[in-house]
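Heads up, there are several structures right after this.
Common to both upcoming complexes is chain A, partnered first by chain B, then by chain C.
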Partner chain A sequence: MVMKTRIAIIGAGIIGVMIARFLVEKGVNDIVLIEKNYPGSGGSFRCATGIRASFTSPEHVEMMKRSIELWPILSEKHGFTYRRDGYIWLLSEEEHVEMFKKIVEFHHRYAVPTKIITPEEIKEMVPTINTENLLAGVYDPLAGKADCFRALLNTLEYVKNKGAKVLTRTKAEKIIIKDSRAQAVETNKGVIEAEKIIVAAGYGSKKILKNSGVDIPLENLPKHALITEAYKPLFKPLLIDWSTASYIIQVLHGGFLIGANMKEKPDTIPVNRIEYLYLAVKIWSKYFKWLPYTRILRYWTGYYVMTPDHHPVIGPHSRIENLYIATGFSGHGFMMAPSVGEIMSQYILGEKLSVPIAKNLKLERFEKGKYVKEIAIFG
Partner chain B sequence: MIDFSRGRKVKFYYNDKVIEAYEGESVLAALYAIGYRVFSYSPDGERPRGAFCMIGKCSSCLSMVNGVPNTRICIEPVREGLRVYSQKGFPEVPKVEEVVEAETIVLKPDVLVIGGGPAGLQASLTLAEYGLKVVLVDEHFKLGGQLVKQTHRFFGAKKFYGGIRGFNIASKLSREVMDNENIEVFLRAYAYGIFKNGYVGVAVRGEKPLNLLVRPKAIVAGVGASEKMIMFENNDLPGVMGAGGAQTLMNEYGIKPGERALVIGAGNVGLIIAYQLLQAGVKVHGIAEIMPKIGGWFVHAAKVRRYGVKIYTRHTITKAIGRDRVEKAEIAMVDEHFQPIPGSEKVFDTDLVLLAVGLQPNYAFFSQAGAVMKYIPELGGLVPLRTKYLETSVENLYVAGDASGIEEATTAFIEGEIAALSIAIKLGAGNNKTIKKREELLDYLWNEYRKSPVVMRACQGKLKATVSEEEMEKIRRGELDGI
Partner chain C sequence: MDPEKVIICRCENVTLKDLLDAIDKGYTDLESLKRYLRIGMGPCQGKYCLILAASILRRRLGKNYDELLLPKNRPPLKPIEAYYFLKPPKEAKDLEV
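So, the complex of A and B:
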């Protein structure tokens, strides 16, 4: 099989789909999405669905703020649920409260409206929570969540209706590069020639790029998550227990999704561990005494695709023409996807970037040692 | 014919009303007996749901029990003072006043047997004979699996209980298992998965909840099967029930499931349930069978016909009619593509539509364990590939009974014993006699029992699911997908 297309996007996760979406919106319909499994089968359908701009680097904050402007537009146009339900960080130690006071100041400089709240205020927003050990919370009213399944599938349907093609169960092996120009994608089912090639294949990007002579510093960090059976809506915000960096969110269809940290070696294949179930329930049953009486419906593992500075690689390759990269979202890909889609479409079509600071996120920063700086790493 | 000896009288509350019941009954059975038919509502809270499977496999009876929602009351034993509320749509989070913390217990038996039906009971007893320590878990509050509702005398060899009624076999084996000091039994115990380092998580419900962490040397999963559902209008209306569900009510609890029934499916289960309904004094309007021929045995078909029950071949159900329970049901003739032919509809006044449209093996445990699975229509659905010794692609995980593909209880006994003997041999507890015994059983199973033309289809399915030991090694190494 030899196929020709204007744009080849490797990876039909939320990132690849959003890139395609912003391209078709500008009249570029000759697109092929190459997906090794099925759309969303990587990180997109395993994520916690949370969306926030309360980060600690200007790059993250600006990209996420743009995303938060785009999410409601996309949700209305493509018919999926997105809600600004907020985030609350739960703080039980004095030094954490002091640290967060500085972070809130930083947020305010970037017009992110976080604020310190009292345990009583937490209780108002989160019925049934036990605030006994809490000193304070940090509330981010701008944060929210979206239906990760519908967000991807509805947008993909839209893109397909505009003429884009999706090749599922098709594995991209390498990018054929001649005279420093990307020319085609070699897959297990044949070659796809393209004018522009975008690598948005999560951790898989590393191997594809390596086979093409390009190094990218990515690590796959195993993560665990579980979800309970569905219940009537109890609370809206995503909650983060800061002392364990664990979160709980009642997702839009009603289940409580819990993510908690297990020690895992990067680049290993995660195994289901019963300790995870115990850990997740232990952390959150301190806050919710009803939790041990709910049933866990599913437990799954996935990955954070980490870069050395925990910021994504977004943009064109500096030396290889027509090659673009969008990966390494370090656990924040779903929330950032709309602005990434927009920025990538702007790079590809030679337009002005809607988030100028995104230029700091190109791959070349690692070669030059220009890592993105944060005032603190959290969440 | 059957003597229903009732237990001690107890009182519990349903939606704050006092209900009298007998110890040993499920909450659902007690409620059904006094006329309740609606037990929950669809997630949107709009559509009533009635009893369907009666064995803890479907979601039709999810209720709040002592503050805990989503509890399946068909496998919840009645107790004095129990507070049960019906649910409408998604429930609120559990209302617990006092948290009873589950105790975590680590167990390291030789073998974990999951499921106390014919396969699991037979496997446990055989393993115990070899001096192996067995932990047997079952999610129901009693042992026996579906044997408890089988009222007929078994066919086949004496060794496999030929001539004895199913429920009598169940009580005999359950007693033997309970009395055996090599077997530790946990009831209301749900095995939810295999985890790193071979730990199996088992949640035990009850007054003293337990978290069992079981690390066995081998596992026999005889996890059974679930009733299949077919698509038609209002197929969730209370009164649409699995044939097995009706058997549970009639044969296990002595409760009449309805007054006027229509049976869908003329396989053996459909024919037998029609006969049992007649014996229970239920009028049977007829049996609709989508195929041109009756699937079940001639003797069973002749029996129901003698009672004047009409069997409508080339017919299927097209809708159930009624507000909050079945009042009427419509069947129609189908064309060669199994599509209903307009104008051929017949409507029956009925309060009971019994679906006898087959069973599907419970595959979740094997899937979660990472066993290589294969979809085999002759066996009812997805089953794990296995060697003839019943070991799956997950080493030391064995499958037996309906979970290995739908047959019936006799083959479940045999498979349970083959799996147990294989484990005994593997763990060094067996000897040459054990090997000889296993070979004799395999010979009986494959060259005698499954040679009968009436079980040909299932036998073909089992052949498709069975690979040689060499092939299994390759499958384990990823050199062969086996599918």
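So, the complex of A and C:
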């Protein structure tokens, strides 16, 4: 098989799909998405669906703020659910409260409306919570959640109706580069010639790029998550227990999804461990006395694809023409996908970037030692 | 029988019509149907509906078993009350982070 296309996108996760979406929106329909498994099969269908702009670097904040402008537009146009239900960080130690005061100040400088709230205020928003051990909370009213399945599938349907093609069960092996120009994608099913090639294959990007002579510092960090059966809506915000960095969210369908940190080595394959269930139940039963009576439905693992500064790689390659990269989302790729799709389409079509600071996120920053700086690492 | 009245997935209330419409839209493997219709995501974990959906898919599209992409079974195989995990057994490691 030899195929020809204007744009080849490797990876049909939420990132690849959103890039395609912003391209077809501008009339570019000659697109082929190359997916080794099926769309969403990587991180995108395993995520906790949380969306927020309350980060601690200007790059993250600006990208997420743009995403939060785009999410409601996408939700309406493509018919999936998105809601600004907020996030609350639960703080039980004095030093954490002090740290978060500084973070909130930083947010306000970037017009992110977080605020420190009292345990009583937490209880108003989360009526059944036990606030006995809590000193305070940090509330982010701009944060929210979306249906990760329909966000990807409905958007992909739209893109396909506009003429884009999706090759499933097709694995990209390498990019054929001649005279410092990306020319084609070699797959297990044949060669796809393209004018522009976008690598959005999550951790898979590392191998594809390596086979093409390009190094990218990515690590696959195993993560564990569980979900209960669906219950009636009980509380809206995603809650983060800051002392254990664990979160609970009632997803839009009604299940309670819990993520908690297990000790894991990067680049190892995670296995299901019963300890995870004990850990998740222990942390959240302290807050909710009904939790032990919910029924655990599913437990799964996935990865955060990490970079050295925990910020993604977004943009064109500095020396290889027509090669673009969008990966390494370090646990935040779902929420950022709309603005990444938009920015990538702007790079590809030579337009002005809607988030100028995104230029700091190109791969070359690692070669130049210009890592993205954060005022604190949290969440 | 009226496909709107035939229930394929009882947990998530998916009818035969929903399934046939989704197949016509291009959702032709079980992994995608699971996320699109939520078939197999409820308490039965797909024990009944996924097998039904698989045979309908095969009949309509003539795919072989391999191409149907039968989703993985995730633990616990049957929904289980969280209280069984309130007190870890002594041998459980890695509980503190």
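Convention: the second predicted complex is superposed on the first by the 379 of 379 C-alpha atoms of A that agree within 3 Å, B and C clash if a C-alpha of one lies under 4 Å from a C-alpha of the other, contacts with A are read in each partner's own complex, and residues count from 1 in each chain.
The rule is short, and it goes like this: a residue touches a chain if its C-beta (ideal position, glycine included) is under 8 Å from a C-beta of that chain, and two chains touch if they have at least 3 such contacts.
All values derive from a computational prediction rather than experimental measurement.
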Chain B versus chain C as contact partner of A:T128, first or second or both or neither: first
Chain A residues touched - chain C or chain B, whichever exceeds: C
Which superposed partner A:E229 touches (first chain B, second chain C, both, neither): both
Partner chain in contact with A:T294 - chain B first, chain C second, else both or neither: both
Which of chain B and chain C A:S318 touches, first, second, both or neither: neither
Touched partner set for A:G254, first chain B, second chain C, both or neither: first
Chain B versus chain C as contact partner of A:E157, first or second or both or neither: second
Which superposed partner A:F149 touches (first chain B, second chain C, both, neither): second
First (chain B), second (chain C), both or neither touched by A:F45: second
Contacts of A:R273 with chain B and chain C, given as first, second, both or neither: both
Residues of chain A that lie at the interface with chain B and also at the interface with chain C: 229-230, 272-274, 277-278, 285, 292-296, 299
Residue ranges of chain A in contact with chain C within the complex: 38-41, 45, 149-150, 152-153, 157, 160, 168, 228-230, 244-245, 253, 260-263, 272-275, 277-282, 285, 291-300
Chain A residues within the chain B interface of the complex: 128, 229-232, 234, 254, 271-274, 277-278, 285, 288-290, 292-296, 299
Interface residues, chain C side, partner chain A - complex: 25-27, 29, 31-32, 35-36, 38, 42-43, 45, 69, 74-76, 79-83, 85-86, 88, 92-95, 97
Chain B - residues contacting chain A, complex: 43, 67-70, 89-96, 99, 101-102, 104, 192-196, 199, 201, 211, 213, 368
